[in-house]
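Next come the structures, one after another.
Two complexes, one shared chain (chain A), two partners (chain B, chain C).
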Partner chain A sequence: MSLKRLNNRIFLAGIVVLLFLLPFMKVSEYVVILMNEIIVWGLFALAFNLLFGVSGMLSFGQALFYGFGAYVTGLMVIHFGAFWFIPSILIGMTAVIAISILLGLITIRLSGVYFTMLTLAFAQLGWEIVFKWYSFTGGDDGIQGIYPPDFLGTPKAYYYFSLILVLLSVWIIRKFVNSPYGLTLRCLRQNPIRVSFLGRKVKNYQLGVYVVSAIFSSLAGSLMAGINGSIHPGMLNWTTSGEVILMSVLGGIGQFFGPFLGGGVIVLIEDIIGAYTEYWSFIIGIIMLLIVLLFPKGVLGEFSKLRRRLKI
Partner chain B sequence: MMKNILQLKNVRKSFDGFLAIDDVSFAVAEGELSAIIGPNGAGKSTLFNLITGYYEIDRGEITYAGINIKGRGTEAIVREGVGRSFQVSSIFQEETVLDNVRLARLAKENKTRNFRSPLEKFEETTESAYRILESLGLGNQAERYAYELAHGDQKLLDIGIALALEPRLLLLDEPTAGMSPEERIQTTHLIEKLWKEYDLTLIFIEHDMDLVFEIAQWIRVLHQGSLLAEGKPDEIRENADVIGAYLGEDHLWEGY
Partner chain C sequence: MDLSFIFVQIISGLTVATFLFLVASGLTLIFGVVDVFNFAHGSFYMLGAYLGYQIISYWHVNFWAALFLASIWVGILGMAMEFFFLRRIYGRAEEGGFQILLTYSFILIIDDVVKMIWGTEYKTIERPAGFSGSIKIGSAILPSYYLVIIIIGLLLVVLSWLILNHTRPGKIARASAIDREMLGILGVNVPLTMTTVFGIATALGGMSGILAAPLRSVTPGAGIEVIIDSLIVVVLGGMGNFWGAWVGALIIGEVNSFAVAYVPKWASLFNYLS
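And now, the complex of A and B:
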């Protein structure tokens, strides 16, 4: 194993240990909840980045799958009780496979901006249904009182539950990216024509990653429902899809952990600056502008470039 | 007598009324090392695109290894054993040189659908990728990113990706384009070596007549989308139509 790789592993292990120790660091419950939000947003951004950063498919509709997971969990808990919280996560992840295959077969026929627009259109359709179907989804009021079972009833317990699922997801996604399938996806982002000249059907691989991304987006949505104890149509709206794009760009779209960093920064800005001014999105706008101008590869992307240049 | 591996019968292709390939027919014997020459716009690359199914023919028939490839699609044709390199190097710039060829090996071995095992686990595949890089003289650059390679090496990597698919028929589109005179000579010998080593049927498009007449066993001349002539190098050199349309009266075939 190279020294660089060993350093990376030690660094990652350190972060994981810190995440596990966080609740014991005399921090308030509020900080634990905030950190939970960051890791779940990070997972959602990571799932999105599988599409955009790895495979070059800019979906503007990932909120559909995120919101779907959230609503499956929310509705099942409200109608059948807290016991169904954990099964609902799995049901959401399974059901989203069928939905993403169906939508993927339509959207992946197109590429570039047409793909982006079609994903946006389907997500907005989903948002509209949730928004208008008041009797079932609670309409624009959403649904409140979504509580996980008692053993996950404290912020600390739920944080550990989320953390384990997020880390497991990160491990799976990392394995996926480093596999032959992942290499194929990276290459088809760079040169899809050449991939077809390797005898591979590009659309099949694109459909595969679209489904995988949807599964983890759904998981993130379910977990977020448990953090907030509520769900709302905004979770399916284009602004949520936009937010996850911002997170990836900010962290570095070509970087595996970039979306986590981006997620952390945006959640913190929303939370900290949001406490002082309602114009926090203005601050995010300025930061994004600076990032795009000064660090076009995102924060981690530029850091990685620097490391390569310095050979460390 | 060698059997034909590729046969084109009255192939025709037009783009928005412009006739790019006009009633072209020829047969390529298995194991042949041949060249396609002709001025820019003669339809040489279009012909490669038709043979590989990237473009669909308007009329006529293309048979590869006894299979009519019309409508089969690039992926299927490649899997049948047709490989190609491109006029402008078609590589994966952000991957390492090794991963460029390793992906092609994985594709050949039908392992690109594996989403569980890390690439390092595919030791035999990696070794075979290394062997291909060694045969191209790129072995010592395996860990570099493809975009870091010099132009000539990128052209070689493009050929390496095609070779990794173990094609029976290899199509090289201007393999020495943009290379220095020295690199051209080296690449010429390399093409001949690869043809023998990998037991290929190899067709290359080339503007460098020195290269063409040095190694090609058979030459086909395209002119304005039509097959103007075909034959052994000496026959082409003496062909009045070819001299008139392409090579020039003084037989100077350098400097194209």
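And now, the complex of A and C:
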């Protein structure tokens, strides 16, 4: 193991320890909840980046799976009681496999802009259904009062619950990206035709990563439902897909932890600036514009470029 | 259910189709010629409507003058967007994704700028003088403004066809869709062509916005609804295919119009189904 890799490992371990210790530092409940949101958004961004950053498929419809997870959890808790909170997370993740295979079979037939647009269209379809099916989903009002079971009742307990699930997912996703399967995906991003020359079935790999991304998006959605105790159709809307894209691009799509960092930055900015102005999407738009034009590698990407130049 | 009812629905479907066609033809033109998917195209539709409102209510000119002026302004704004921003990312690796992100950021920015300038309340534009009433065809009663829109739409279709197929600029536009590099070698100013096409396309989108404003109230966020509908139109007709956009708009317009009449709540779902 090279020194640089060791350094990185120590750094990561430090961050994980910090995340675990956070509730013990003298911070308010609000900070714990905010941190919870950051790690869940980070997971969602990481799941999204499996498609865009790793495999080169820009999906504008990940909000569909995220919102699906949230609604499965929300509806089950509301109708069957708090006990179903944890099972509902698993049920959401299982059900989303079926949905994503079905949609994936249609969407991955297309590539490039067409793929993006088709995923967007399906997500908007899902949003319309949730928005209009008032009697079942609560329509525009969403669902309030989704309480996790008692032992997860406090923000601290819930924070640990989601932190463990998020860290576990991050570990799995990292293994997945570094596996031969992940390597093939990265090759796909650069040159799909050549991958098919090597005897790999391109569509199978694309479908696989589409499903994996959907599973973790659903998990993120379920976890988010427990943080605020409320869900709303906006979670399926395309602005949510747009936000997760921004997080990934801001952090750096070429870096494994880029999206996670981007998620943290965006949630923080939203929290700070949101108090002063209602023109939040204007600011998001400007950030996105600057990144696309000036720093397409994102924060972590530019940082590692700098590090390589300075040889540290 | 009688025949006049069906007739009215067909006509109102045609007006919807005209709006969609004006937006979608611009979208498909940009995709075909400039090879950019302009996600923000719906925002230019919205800008057109707001600029039209501004011109009419503050300068007190008539509707047609406002239609003309606002379309040109929107076209200029579209050209500025291409010239200052989009042009910078042509040819970059993974251009497609970044184009979508760049134009997406414009949706967010334009949406909020409109909110800052005009607020969030509904704005309405009066129907142009002389076309506020309705006319009777057989037993069917139709708002005359619908007919105006359909006629304008048809005129634009014919005009576009003439320009694209029978003039030199049209030939250049079609050629740059096929081989940009070759066109440059032949001495055509390709970047200028792309900016111009972008301007014309966004002007069409803006025009559609003003034409639609008297029928649907103008709100921020209208751009987002429009882009998704016209996206479906464009995909239905085949990306980059001008006539495809026309057929797609007709189908979506009619389907929408009949769906609204029978199952209003779920009308918008039919767009996705087709």
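Just so it is clear, the second predicted complex is superposed on the first by the 310 of 312 C-alpha atoms of A that agree within 3 Å, B and C clash if a C-alpha of one lies under 4 Å from a C-alpha of the other, contacts with A are read in each partner's own complex, and residues count from 1 in each chain.
Following the convention adopted for this analysis, a contact is a pair of C-beta atoms (placed from the backbone, for glycine too) under 8 Å apart; a residue touches a chain by one contact, two chains touch by 3 or more.
Owing to the predicted nature of the structure, the values given are computational and were not obtained by experimental measurement.
Student: Applying the touch criterion given at the start, work out whether A:191 contacts chain B, chain C, both or neither, answering first, second, both or neither.
Tutor: first
Student: Looking at the overlay, what does A:87 touch: chain B (first), chain C (second), both, or neither?
Tutor: neither
Student: Which chain, chain B or chain C, is in touch with more residues of chain A?
Tutor: The partner with more contacted residues on chain A is C.
Student: So chain A touches chain B in one structure and chain C in the other; where do those two contact lists coincide?
Tutor: Chain A residues touching both partners: none found.
Student: Enumerate the contact residues on chain A facing chain C in the complex.
Tutor: On the chain A side, the touching residues are 52, 56, 58, 60, 112-114, 116-118, 120-122, 124-125, 128-129, 132, 238, 242, 245-246, 249, 279, 281-282, 284-286, 288-289, 292-293, 296.
Student: Within the complex, which stretch of chain A touches chain B?
Tutor: The contact residues of chain A facing chain B are 175-176, 178-184, 186-187, 190-191, 193-194, 196-201, 205, 208, 254.
Student: Under the touch definition given earlier, write down the residues of chain C that touch chain A in their complex.
Tutor: Touching chain A from chain C are residues 31, 37, 85, 88-89, 92, 94, 96-98, 100-102, 104-109, 111-113, 115-116, 224, 228, 231-232, 235, 239, 265-266, 268-269, 272.
Student: Within the complex, which stretch of chain B touches chain A?
Tutor: It is residues 52, 54, 74-76, 78-79, 83-84, 90-95, 99, 102-104, 106-108, 111-119, 122, 161-162, 165 of chain B that touch chain A.
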